[in-house]
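We just call them A, B, C, D and E in the order they show up, numbering each chain from 1.
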Amino acid sequence: MASFNEMILSLVVFIPLLAAVVLLFFPRENERLIKLWSIAISIIPLVLTIYLMVNYYASHIPNGGGMQYEVKLSWIPQLNSYFHLGADGLSVPLLFLTALLSTLGLYYSSFTIKKRVKEFFFLFLLLEMGMMGVFVALDFVLFYVFWEIGLVPMYFLIGIWGQPKDRPRYAAIKFFIYTLVGSVAMMLAILAVYFQTKTFDMQEVAALQPFAGNLPVASLVFWGFMLAFMIKVPSFPFHTWLPDAHTAAPTAGSVILAGVLLKLGAYGIIRIVLPTFPEAFSQWSMAIVILGVIGIVYGAFVCIAQSDLKRLIAYSSVSHMGYVMLGLGAAAAGIGRMTEPGMTDSMAMAINGATLQMFNHGLITGGLFFLVGVLYERAHTRDLGMFGGLSAKIPAYYGIMMVVAFASLGLPGLAGFWAEFFTFRGAFDIVAVWAAIGVIGIVATAGYILYRIIQSVFLGEYDPHKIDHWTDMKDGQDKHDPSDMAGFEKLTMVPLVILIIILGVFPTPLVEFFNQAAETIINAL
Amino acid sequence: MNIFEFIRDPSQIGPWFNEVLLSTGMQPWVANLIGDIIGVLLVVIVVLSSAIMLIWLERKIAARLQDRLGPNRAGRYGLLQTLADIVKLLTKEDVTPDGADRVSFNLAPALMVMQIIMVAAIIPVASGLVGANLSVGLLYFVAMSGIASIGALMAGWASNNKYALLGGFRVVAQLMSYEIPLAFSLLAAVIWTGTMATNDLAIKQGELLFGFIPGWNIVVMPFAALIFFISILAEGERAPFDLLEAESEIVAGPNIEYSGLKFAWFYLQFFVNSLLLACIFATVFLGGWQGPFVDQFPILGVGYFFAKSLIVLLALMWVRATYPRLRIDQMMTFCWKVLVPVTLVVVLIVAIGARVTPDRNINAVIISVANIVALFVTLGIVGRSLRRDVERRKAALPGAYTAQV
Amino acid sequence: MTASTLQAILPAIILVISAMAVVAVDLITHRRARDVVLAGVAVVGLLLAAVAAFTLVGTTPQSVLDMLVVDGFSTFLMVTVLIGMVLVVIYSIDYIKLVGEHRSEYYAFLLAVALAITIAVSANDLLMVYLAMEFVSITSYVLVGFLRGDKRSNEAAIKYFLYGAVASAVMLYGISMLFGVTGTTNLNAVAQALAGETLAGGMRWLAFSSVVLLIVGFGFKTSLVPFHQWAPDTYEGAPTPITGFLSTASKAAGFALMVRVFIVALPSFAVDWLTVLAGVSMITMTLGNLVALRQTNIKRLLAYSSIAQAGYILMGLVCIPQAQFGLRPLQDFAFNGINGILIYLFAYVFTNLGAFAVVIAIENQTGKVDVKDYAGLIYRSPWLASLLLIFLLSLTGIPPTLGFWGKYFVFGAAVQVQFFALLIVALINSAIAAGYYLNIVRYMFLMPAEDEERIKIAPSLGIVLGVTFVAVLGLGILPGQLIQWASESAQFLVQF
Amino acid sequence: MAITYLHLIFLALAGFTLLCALGVVASRNLFHSAIWLIGAFAGVAGLYWLLEAEYLAIAQIMIYIGAIATLIVFAIMLSRGMMIGRVKMNNFQAGISAVVAALLFLMLSFVLLQVNWPVVEQAVSVDPIPMIGEAFVTTYVIPFQVIAVLLSVALVGAIMIARER
Amino acid sequence: MSATIPLSWFLLVGAGLFSIGLYGALARRNAVAVLMGIELLLNAVNINLVAFNRYIVPQQVTGQVFAIFVLAIAAAEAAVGLALIISIYRSRDTVNLEDIDLLKG
């Protein structure tokens, strides 16, 4: 019997799957049971990941962190591929984020999803499983399998429960095909790595440094991985699927998409590309940096031009994930100059920034999408021109939105600040010019957050003629005036807001997680 | 070389003639070519002229069997009747029907005649006296019958006449169907004798069984011989299998639109074909030119051979004169449901029997007995099923059937 | 004929006997029980043959009079195809019931074609190659035209026939050339005779032209572009169970023949056929996928998808490591192309038969085969929709389905030999393919149902769907044994 | 190379065969095509004879002329209406096909003449017919059995399909 | 007897027959005519096989046996093909391939 520590990751991954399979046997009509079961069961991974956070923080960070809770079982011995799971300082917080957003998403959806309930919850749990799996897989084949598993549920989440006017089917298929192209490229890259190293174990592969000294091939393989990850992040110019997908997806889908799925790509870069192909990465780092900066600036400016609130937030993700790319690119750019004094620290700083941004963006944008959903459920429109002066009508909503939006803006004291700070701090040391250009993005971000969101939605005069029917989420009736957030909506947002504030004030523990992971990686280079 | 030698052994003529030509200083291939051409001409002339006699014979015998007089005006016993007919046919107008396909219409009779000439080439008249002693002789014979069916089909189609076309169809259906028992009964003989060359077949049958029984195939495999006989009835389009012309049904078969000389060719083909089939029967099952003293005087073989062939031909005529025509479905049913399975059994018997003991004589006895047993079993089964058939019909239509089978 | 020789051809013998048994049983069974009994006899025959084939797995290669070679490669495909044929027989039951006539012949033909395929996969002589291919083809022509009253079936059959007859004749011309230059028809002997040849002057031309001529024949059977034109029409017009058969078992036979001929007999010409086939592979997958995008009839769509899949499978043959002709141990070639083909074919057989089982289930009840008729299938039959989804994902190559492993191994082979052009084409094609597979998914899950009538799954189809589902997903999650088996089987060919 | 009369026979046969073959594909009347086809078959049989393959020559006549050609003629007749009259016989790709065929011929001739065929200058010293017979029950027994099954299957299938409803 | 004739002569006849047959198979509208083209193709192959047999391995019968198999297969193929043609004629009243166009794409 394996010890609890060995089983915990498997449990985290497979409990959602188990729940999903069991769900299939529930009667379709009994929606209440389905919802209860899903939410209840999704709390188990959440609790487990909290345990992981605590346990890792308490036991392992003081001892140098590293890969923990490892389990390595024979899976396909013929391929030299193992069922190999493990988590380190990078994975654990992301697991927690996944579990949290999943639970919140399920909870929120249990109120807002009206059609095809069983399928929704089934797919959602399946998706959770796939995401969890990606964060803990330490075997390339396994990683790939989990990576792909997430694809199908997301396709359906967008396609079935998307708003018809947002062309959900188009968005879904676009999402699917983009991701598929990336993942096939990744598969080829994985195979190439395998032929070099004869193993699928990520750690072994990283230790073997395949293609070291063979830059052309290494670059090819590097881009194979990067294509997959950059599409997922999404980095400019592969971002075009994202606005469509986010806009079309149902609220919980958008939350998961923005909160977790985008992180998969960045996670892949850190977990796989950076340790395995430092040379190639360093060679191409400027390209990544530039793309990251373009993403930041371009995303931010596009946001300003949006009239659809959800689309705006979607583009803000492009911009925000640009920070991640910038940080990672900067860190990679530093690889070639590691002998310079303070360089490793700057690299660690950049990586920390990127990872923090991943986590915080998950919280913040997840929250934003929830909030957009809340508004949309009431107004049935997301056109910014239709709103105005809502601050007085729905004060609680206004308050929460303020917190989350300012966090997104990067206001000190809220979670977003630290990520941006670390990223730019690290990047300035390594790629100063590009980092400086990236700052334009911050300014533009302030612009769209303040001007487009806060001002056009909440401030100004409330015009009751713009929208005649506001749905009251408490009783489902149409009313003339908007009603404030219902209990379940508040409950959904509370954990996020609390975390945003806590992490804004006291980010140290989280930084320790990431810092340790970053240093491990940098030390191995 | 003296004349007597040729008379004793006519097969020496060919080589002698070749030598004579060569002695004139001719190129060998020219000599061969001249020899071949003369041989071909001989065969053609003999074959075609034999038809005159055959037609008279057939008519006369049929008439006598049916208690009629037959031809009796032209010449003594009507011997010149056929010549008169030929003259009539030659002077008749050569009609080509409207809408006929000229090429095929003219090609068809040529093909028909070609078939008989080609077959005639492999008939061994006496020891060594054969147009071409092909190693694949019997197969060649079977193959040639395909040409006849093509010819008939062509004639039927080209005539632009539905009766002709129906006749053509019938030809193909019948010939192709009966080709199977025909070929398989030949196969039985081939397995036993170990050769397909016609002359060699005759030679092989010269080996006596137990030193006194003639080793003819009809002795060894009487059932196979019977099957072959039935098959040549059908192949020769003779009653009771003469549905191809069936005057009462489709007027006259594929050649209905032909007249004059072209019709004569069809006519010719029919009669000569009968003779040739009889010859093949004699060759394969009756020992060909084998007979007493044939070793010393090969010329005797000619006599033996024609005697045997004529007996077979007589039998053919006899059947034609006495039996009514079958219905087409009966004809096909009989072939596929009776003859084909039975021939397969016979082939099996021969194939196994030929190897069962090392002694040829004993094997022959075994095959022979098995053949006779198979014959009687077949007769029993066929008879029973026929009786049952009649019973069933009687039950279905009481009073309609009074005749007994 | 020794006992082991007999054992080697035992599957074929069983199939012949059971084909006769089906016809015989037809005469003595009562009308009402007939369908199940006939299919039962066929299934038992096929299963027995499969068991007989399975007992051969792992035995030393057995040459049957130099005509057949029963080795790992052939037993792998034999078992695969025979099980596939079992599924074909089972899902035909209800379909053929609707046809009403000649049912025993139908099953007898399926058994005959199974026999033909068991011969094809082990043919080791050019004569047997041709004979087996024609056997498969001629039987297939009849099966395609089985619905005599149906104009589409007729048309499908005649097109299939004419293309097939021309293609096999052209291939035969190539075979005759090989015979001419080597004086033998045995594949190994051909290889030996060619081994010494310096590919200079005329030989180079001969190599090239005979390779091209052979590819015409094999290309027809495996529906490679540009010899694929028959496929869409034939797939659309044929009785749906037969379409399933054509796209799986028949194709497997074609690939088996192609692989064996090229690898065993023509290693000396490898440069030629690798080049030509690489081009064919790229064109095949691209064209198949592009045209599939435009299809509205599901059978036709699956036909083009099947063409594209043939292009992927061909990658395995194109990407055999060239060094393998110099005999290197298997360990170096966990991805040796051949095992990719085997795994791909295995996956494809089960996936596609599963997909066709769904198509048949819907066709049997509604008579409709257009993609738009699948709208809202999830409401009408969640099971069918979900199963078809899984099969389509497997066709797309999404893990953890069996189809993924097939792709994994052929792509792996290409990566191994660093055939980048091919890989890029394959990569782009994967995306295109996802487009039309998802289109079906879109109709099934995202569109409202036009007809609310629920679709029932007949028990026979249930069996097929269950088996294929378990195979596709179960073996997709735990593919180890399959990979091992395929790799061991491939070894026989690789080491020849 | 001395021209012997065999060469002349060969040339005559080859010319005849090819002429007939051209007739098959050029004739505008389907039935005439069939007749030309028979001629071509016969010419090929003659070539076999020249190659000392008597058995095959006869088999050619028996099967091709006796069976296949008859079947074809039969089929032409059974599908009447298409045979009479001079209708367009070629499809739209006839021109390109002709070019393809011509190029193919040139290419094949080139290849066939280029290759150094391992010709053995040896007379046939054995009678091939017993050898063929023996081959069928020894070396080729498996294909022999297979083709037996194939033929029965094909015939059953043909009857099944062509039977009148 | 034939050894004085060069092998290539036979091969050229085969190639000619093959090309003509291919033209027939590709260019003809009528299904039966296409079938005839196919028969020419098979004949061309058989000439090759028999000629190779005679010239390359004169003491064996490999090529002849092969040719016999081809013959038998041709018969089977023709039987099935013509059955199909007759069947389609019954349902369509035509055997022109251009008119057989229910299935398109």
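The working rule: contacts are C-beta pairs under 8 Å (C-beta built on N, C-alpha and C of every residue); 3 or more make two chains touch, one makes a residue touch a chain.
Because the structure is predicted, anything quoted here is derived from the model rather than measured.
Under the contact definition, subunit C and subunit D share the contacting chains E.
Chains touching both subunit B and subunit D: none. With centres defined by CA atoms alone, the chain at the far end from subunit A is B. For the criterion of most C-beta pairs in contact, the winning chain pair is D-E. Each chain gets a centre from its C-alpha atoms; the one nearest the centre of all protein C-alpha atoms is C.
Among the remaining chains, B is positioned farthest from subunit C, on the basis of C-alpha centroids.
If each chain is reduced to the centroid of its CA atoms, subunit A and subunit C end up 43 Å from each other. With centres defined as mean CA coordinates, subunit B is found 94 Å away from subunit A. Measuring from the averaged C-alpha position of subunit C to that of subunit E gives a distance of 26 Å. Inter-chain centre distance (subunit A to subunit E, centres taken as mean C-alpha positions): 65 Å. Contact of a single residue of subunit D with at least two other chains is seen at positions 4, 55, 59, 67, 74, 108, 113, 117-118, 140, 143, 147, 150, 154, 157-158, 160-161, 165.
Residues of subunit E found to touch two or more other chains are 11, 18, 21-22, 26, 35, 37, 51-52, 56-57, 65, 69, 73, 76-77, 80, 84-85, 87, 97. Annotation, chain-chain contacts: A-C, B-D, C-D, C-E, D-E (touch as defined at the top).
Within the complex formed with subunit C, the residues of subunit A that make contact are 75-80, 119, 144-145, 148-149, 151-152, 155-156, 159-160, 168-169, 172-173, 176-177, 180-181, 184-185, 187-188, 191-192, 194-195, 220. Partner subunit D is touched in their complex by these residues of subunit C: 9, 16, 64-68, 102, 105, 108-109, 112, 115-116, 119, 125, 127-128, 131-132, 134-135, 138-139, 141-142, 145-146, 148-149, 157, 177, 180-181, 183, 201-203, 205-206, 209. Those residues of subunit D whose C-beta lies close enough to touch subunit B in the complex are 4-5, 29, 31-32, 35, 38, 54-55, 57-59, 61-62, 65-67, 69-70, 73-74, 77, 127, 129. Subunit E meets subunit D in the complex at residues 1-13, 15-24, 26-30, 32-33, 35-37, 39-40, 43, 46-47, 50-61, 64-65, 67-69, 71-80, 82-87, 89-90, 93-98. Put simply, subunit D touches subunit E in their complex at residues 1-2, 4, 6-7, 10, 14, 17-18, 21-22, 24-25, 30, 33-34, 37, 40-41, 44, 47-48, 50-53, 55-56, 59-60, 63-64, 67-68, 71-72, 74-76, 78-79, 81-82, 88-94, 97-98, 100-102, 104-105, 108-109, 112-113, 117-126, 128, 131-132, 135-136, 140, 143, 147, 150-151, 154-155, 157-162, 164-165.
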